[in-house]
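Next come the structures, one after another.
Same chain, two partners: subunit A is paired with subunit B first, then with subunit C.
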Partner chain A sequence: TPRHATPSIPSRSLPARQPGNVLEEARIRLHVSSVPESLPCREQEFQDIYSFVESKIIDGTGGCMYISGVPGTGKTATVHEVMRCLQHAADVDEIPPFTFIEINGMKMTDPHQAYVQILQKLTGHKATADHAASLLEKRFSNPAPRKESTVLLVDELDLLWTRKQNVMYNLFDWPTRRHARLVVLTIANTMDLPERIMINRVASRLGLTRMSFQPYSFKQLQQIIMSRLNKVKAFEEDALQLVSRKVAALSGDARRCLDICRRATEICEHSAAERSATGLVGMSHVMEALNEMFSSSYITAVKCASVHEQLFLRAVIAEFRRLGLEEATFQQVFVQHQALCRVEGLQPIGVSEGLAVCQRLGACRLLLLEPSRLGVLQRVRLNVSQDDVLYALKAD
Partner chain B sequence: MALLQHPGYEEEKLQRVAEQLPCREVQAGTLLALMGQPQQYSYPSIFIYGHRASGKSHVMNVLLKELELPHATVSCVECVSVALLFEQVLLSFFGCDAASLLPRSPSLSDFVRIYREQCSQSPARQTRYIVMEKAEILRDTDANLLPALLRLQELVEDNVTVILLSEIVWDTFRPNTGCFEPLLLNFPDYSKGELQQILSQDRHPSYSAEFYSSYINILLGVFYSVCRDLRELRHLAALNFSKFCEPLADGKVKETDTHKLWRNIEPHLKKAMQTVYLREVSSLQWEQIQQMEEKEAGVLRGLSAHTHVELPYYSKFLLIAAYLASYNPARTDKRFFLKHHGKIRKTNFLKKNEKTSNHLLGPKPFPLDRLLAIFYSVVDSRVAPTASIFSQISSLVTLQLLTQVSHDDQLDTPKYKCAVSLDFICAISRTVSFDIMKYLYDFL
Partner chain C sequence: MSKRKVQNDHMPSGECVTQLQTILRKRLCHQQLPEKLEGVEAQHKHLLELLKQTAIHGESNSVLIIGPRGAGKTTLLKCVLRHLLEEKEVQKNLLQVHLNGLLQTDDRIALKEITRQLNLENVVGDKVFGSFAENLAFLLEALKKGDRSSSRPVLFVLDEFDLFAHHKNQTLLYNLFDVSQSAQAPIAVVGVTCRLDVLELLEKRVKSRFSHRQIHLLSSLTFAQYLERVRAQLSLLDDFPETKFAQNWNAGIETLCEDKSVKEVLQRHYNSSKDFRSVHMLLMSCLSRVSVAKPAIKPVDLLEASRLCLADAKANMLHGLSILELCLIIAMKHLNDIYEGEPFNLQMVHNEFKKFLQRKSNSMYNFDQPVVMKAFEHLQQLELIRPVDGSSAKTQREYQLMRLMLDHSQIMEALQKYPQCPTDVQQWAMSAFG
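Take a look at the complex of A and B:
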């Protein structure tokens, strides 16, 4: 066994190509990973976080801030932007120098790994979780002359939850020490996380400095895309408005919005190959991309199922109607299936074939099934609403 | 006999295979056709099912051995952990060096990695076969093992075919998340004629073939209605043949005198069905009985006759009380166990759901209080509720004569069930001269 095997992506032999046309350029600019020049529509939040951290650094004290908001509202991006600006300010000696470290709950195998990562990023030493905790404890509670302020960003805070909550407790307790000079910024998705999962002594240390990021409105989304594209003329006005209105109505997720725009440029490129269009992404392309992203795949799956699979779904619904329940055994459904076969003039299938049909539907999650070793006694439930199934079956 | 034919293999090898597989030519032919020529790719996985002793393992073994194909035969019963399974497969394909490369508790990806390394060093010139016997046990192992085995050819990129043998149909194997569907192949049961043909093959050398064949005919006449298992029938045939030959050795009858031979052996075989076939009497004992002329077969008490258990005096009464509590409805206790009860008739006493016999429904649970109440009314003398009485109850539980139900409350109000049969309790009550039939509600 290779002892130190680290998986890695093979290095690329050719350099990445330069964008050839407008659409490709737009696609690169719209990619989620490309860092925008500025963060529009988050000026207020930016200012709040900036002044909070700046005041703590200048005073040489510590504090906690809790930032919440649904995914794709720019929480992490805003904090990173703040840190970039502060770093710049420190470089030009406007504020005292500080160290910035970042940990992510999702990237840890175990909540206690947080100590190890913090210690490694602060000092470069490696230690076990317990040892690292005691070292950090000592570092933050003892006075030391010429100690720099530390800004710690904890992303995905809810994953640091342990049964005794000692990781969270320590993270929020260190800033309250006199000599700690630690600022902790925590990011999570739900607003009421401190009240829901934290015990009182942890929640009280987190304090009341809270900030919530509202979902983007359609105007803001439109502005974000415009600022990303930055004078690259690739979209029609109406198309952009449609995308942003649709996304704002559903979730207000900027990442989703960018994904749809990128998909629309791809569709536009495909259709341009067929017939010479204007070269801009129009309404029809955006509509197609929106349909691809938002329409339920279950209905398509039912539409494309085989004759007997569709018949089986009809038998399931017929049996549910007869029983007045949302659950039936395979045996009961199969009787209905055979009756339906006779009505449709199809050759009735055997029990094994029926089970195969049922379990295939279960494997693509149209049905919810019990383990197959129960045989004909396994219970069948629908994973989609009956109306969806009926709509899909009726459409053809 | 229809000979097996396949272009990829030598004629004489196929001839030898066909000789060893009587009545399985069709299945062997299908398998050969699926396997194709040795260097061709075969189907990734084949699932063979059929009843016990329908020749699944035998056909596979003979085919793979006689045609000298590289194969690994793995019994899933033996492989209590997947490590053993992987080790055995690597061992028989690549030798012990490869098997020793496996880490202590290998995962599936370890196995695939080592397999790929090894097969890049020694690529398959012939299809490799992995035969998994008793494949139904694979369902209880890791959820990813069965789907991975079904598409092992794809995973290791080698010319390998997995053959699963089972007595259970494929429908109950399919994982809920779907999998690669194997080819299904059924081995049907042997018919009476085929059984006769196969059993007649192992005849005694000192007797003629017709003589042995007529013996098999008689044997099947008696046993075919209850048993179609080839192994069981073969065992019975071997056990009883000496008895069949006895009149011949005495010189009373000739070989051709079938009727007299039948008259001689038939009651003997019928007795064997009740004793040897149920394993009441072991085969060794059966042979000894046959040698002892004067002692009739079946005189010896079988295993199930030894159900008599010696219990202490009060334990017997406790067991009787438990039996009464389990099989009588609680409402009837007053009538059975109190002296001055009103006269109640059975007919208007019955509730609707109590009309079926309790002995058909099985024992009902009862609380400890009721057991003790019945116990004191059944025992004539005065018994102090000492520790020994209570410890006897718990030792009856450890002897599995009583079972404790609902494990939530051990001390306060434990509930028990009586787990002995009617015959057993009758025997027990006879030893303490207690007429249990008088107290059982079902037998009034």
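Take a look at the complex of A and C:
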């Protein structure tokens, strides 16, 4: 029976609870998964992709397009939206009908699985990778009456790279066939991927229709959140602006922006439970969320370390200063450690214990260590800047 | 009932000690969950709320629990789960998948394990059918079909999270985080790791999909709190059957923790690490000295246990060496002193040793070259010395360059305690140059 199993997650006995108040409503709207009907701030890109695919479908020809941009700039969401609109247009007979299929390089175990998944989504048949490749080859190169156009979305294109690049070659070669009627949209992160990893005959088939998604500016991020919230009044204006400015300065990743807003809502919810506040997410909540998600924890880790661990870090810095290098062996650092113990009036520790201290700092990556088999000869490097360590040790 | 109570009151002391041993051993060795967590209330609340959101409202989430080893990450998670499952609504709905980076060493195994624990339809009995690719497609399809309000939420716990980041392409992490960020079956991904730089291990598209919630478990325990926790660990609770014995025991622990030398020992351990696992080791070896004849922990026990814990392993190894091996070690120490840590070979060590012998009239230690060689090899096997480069085949054994893996303080300490060490050897070790 497993051959014909229908995959599913068991359903729950009680349906999930509906949101009870404004903040919970806001949380659901702010979740990354609740993609809005129309994406704000991506109208131009939407229009470009739409006209490209529409013209190909109407002409009955094929083509390729390469879309790039850093993560979280709305590439996949925009393409999906284009497809939804085109599907709608096809339903009302404005354009000829077409099929849309989608594969993702990260969601398969091996580049050659692309053939299997395309075939399965086109026809519903299962086949091995080689067999699927030959079936697809036949399908796209032979003329057939009443053939529909096919739009293929390939997400995470860089994962389809193989040494001979035959998967990429085929994907870009099929659209050039006369009878294929295939439109391939490819998405990846880097702008220069075709020049960097593809051999010439693959890159030339990909063509020059390219588009890059710029990271969101702070105004755009603000607009995105506003449109998500859609009249649910949960945020103060200034708080929103702070989040979008911070994220835009760092990466322009919309996912990050939404996650921070969601966390801020959570913080607000908990603090509201204690004292009945205004119920709006304010500046302080957003600041707390930002601190939580952006701040590095190295300094706190150093502050919370035990006495000997802190002393060891100081010994490492002292030894670096003495050597003028950024690397020292454990033995050298240990001599400094013993000296520091004496200065601090602590009982000096043995070599075994010193090694244990060193290993503990290495395990949480405050230090970078060589394999511990080298014992006292292992080399020690700092994974944090010296200033950070000194700051953390001085503060108390 | 009353009769039994009477019997209980007169439980023989042997039985009491056995009871005590079982209770405390469970606490110290089996990582028994404490009644309530101390010092991490905020983290506990954060995690509980987050998992509740997933279990009750069907919101997908991801979170990382980060803290040094022995800081109570798993304990926190288990406590939160215990609280969470107390609610009927959660208990009926929540599916759990536990993965460990040390067991699921690649995505293929991890995927099989997920399919098995979720009991999806391609599982028959205990076996998972289909290839790796099919399994992945099947799981993703199953998760995709679900939706926020109707399918059961799944909790993924990834222990040793940093090891999952070393899998090929980070496929599993990408897919889990992607599901948690799209409108599919609600899942919560909880990663547990001790590395502070774990986010730098993630690929940028995986990192973008992670929600960047981190729960840090860094203990800022003061010594007074530390002492209090040690006391709590050793004390018996009220539910101990024999009240008299429990009272005596607790009073004993009370005086033990007041004792000055005990405090000193604990302070020393506290200075070296705040991790509670090492204290458990210490307390365990104290506890194993408790018997019917001596039903209490004395300060002496703690001192002795601490001495065992802090003993230097290498110095202990030196005690077991023969005189010749010890002489070779001393010769190496001198070479290290003269040539400032440059590597040496057997010939150099033997020469150094011969220089010492020449100055002596009685040639008690005049060994042949093969014997010295044997001793040298023995030292190498104990890893007290190690070759500079790994390629041992190329050079002859006498000329292979070696380094000493001991600190000078260790050698001197071992010499002090070496049973019946010849005086001339000791003097030779003390003298500045060979």
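Going forward, the second predicted complex is superposed on the first by the 385 of 396 C-alpha atoms of A that agree within 3 Å, B and C clash if a C-alpha of one lies under 4 Å from a C-alpha of the other, contacts with A are read in each partner's own complex, and residues count from 1 in each chain.
Following the convention adopted for this analysis, a residue touches a chain if its C-beta (ideal position, glycine included) is under 8 Å from a C-beta of that chain, and two chains touch if they have at least 3 such contacts.
Only a predicted model underlies this, so the values are computations on that prediction, with no experimental measurement involved.
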First, second, both or neither for A:Pro371, with subunit B first and subunit C second: first
First, second, both or neither for A:Ala363, with subunit B first and subunit C second: both
Partner chain in contact with A:Pro143 - subunit B first, subunit C second, else both or neither: neither
Which superposed partner A:Pro15 touches (first subunit B, second subunit C, both, neither): second
First (subunit B), second (subunit C), both or neither touched by A:Gly324: neither
Touched partner set for A:Ser352, first subunit B, second subunit C, both or neither: both
Subunit A residues touched - subunit C or subunit B, whichever exceeds: C
Doubly contacted residues of subunit A, that is, touched by subunit B and again by subunit C: 1, 351-352, 356, 360, 363-364, 373-375
Of all residues in subunit C, those that touch subunit A in their complex: 45, 49, 53, 56-60, 66, 68-69, 89, 92-93, 95, 107-108, 118, 120-122, 124, 129-130, 132-133, 136-143, 145-146, 148-154, 169, 171, 174-175, 178, 181-186, 194-197, 204-205, 207-209, 211-214, 216, 218-220, 268, 270-275, 310-315, 383, 386, 403, 405-407, 409-410
Contacting residues of subunit A [partner subunit B, same complex]: 1, 351-352, 355-356, 359-360, 362-364, 369, 371-375
Touching residues on subunit A, where the partner in the complex is subunit C: 1-2, 5-17, 19, 24, 27-28, 31-35, 70-72, 106-110, 113, 116-117, 156, 159, 189, 253, 255-256, 259-260, 262-263, 266, 270, 292-293, 296-298, 300-301, 303-309, 331, 334, 338, 346-347, 349-353, 356-357, 360, 363-366, 373-377, 383
Of subunit B, residues touching subunit A in the complex: 103, 110, 139, 169-178
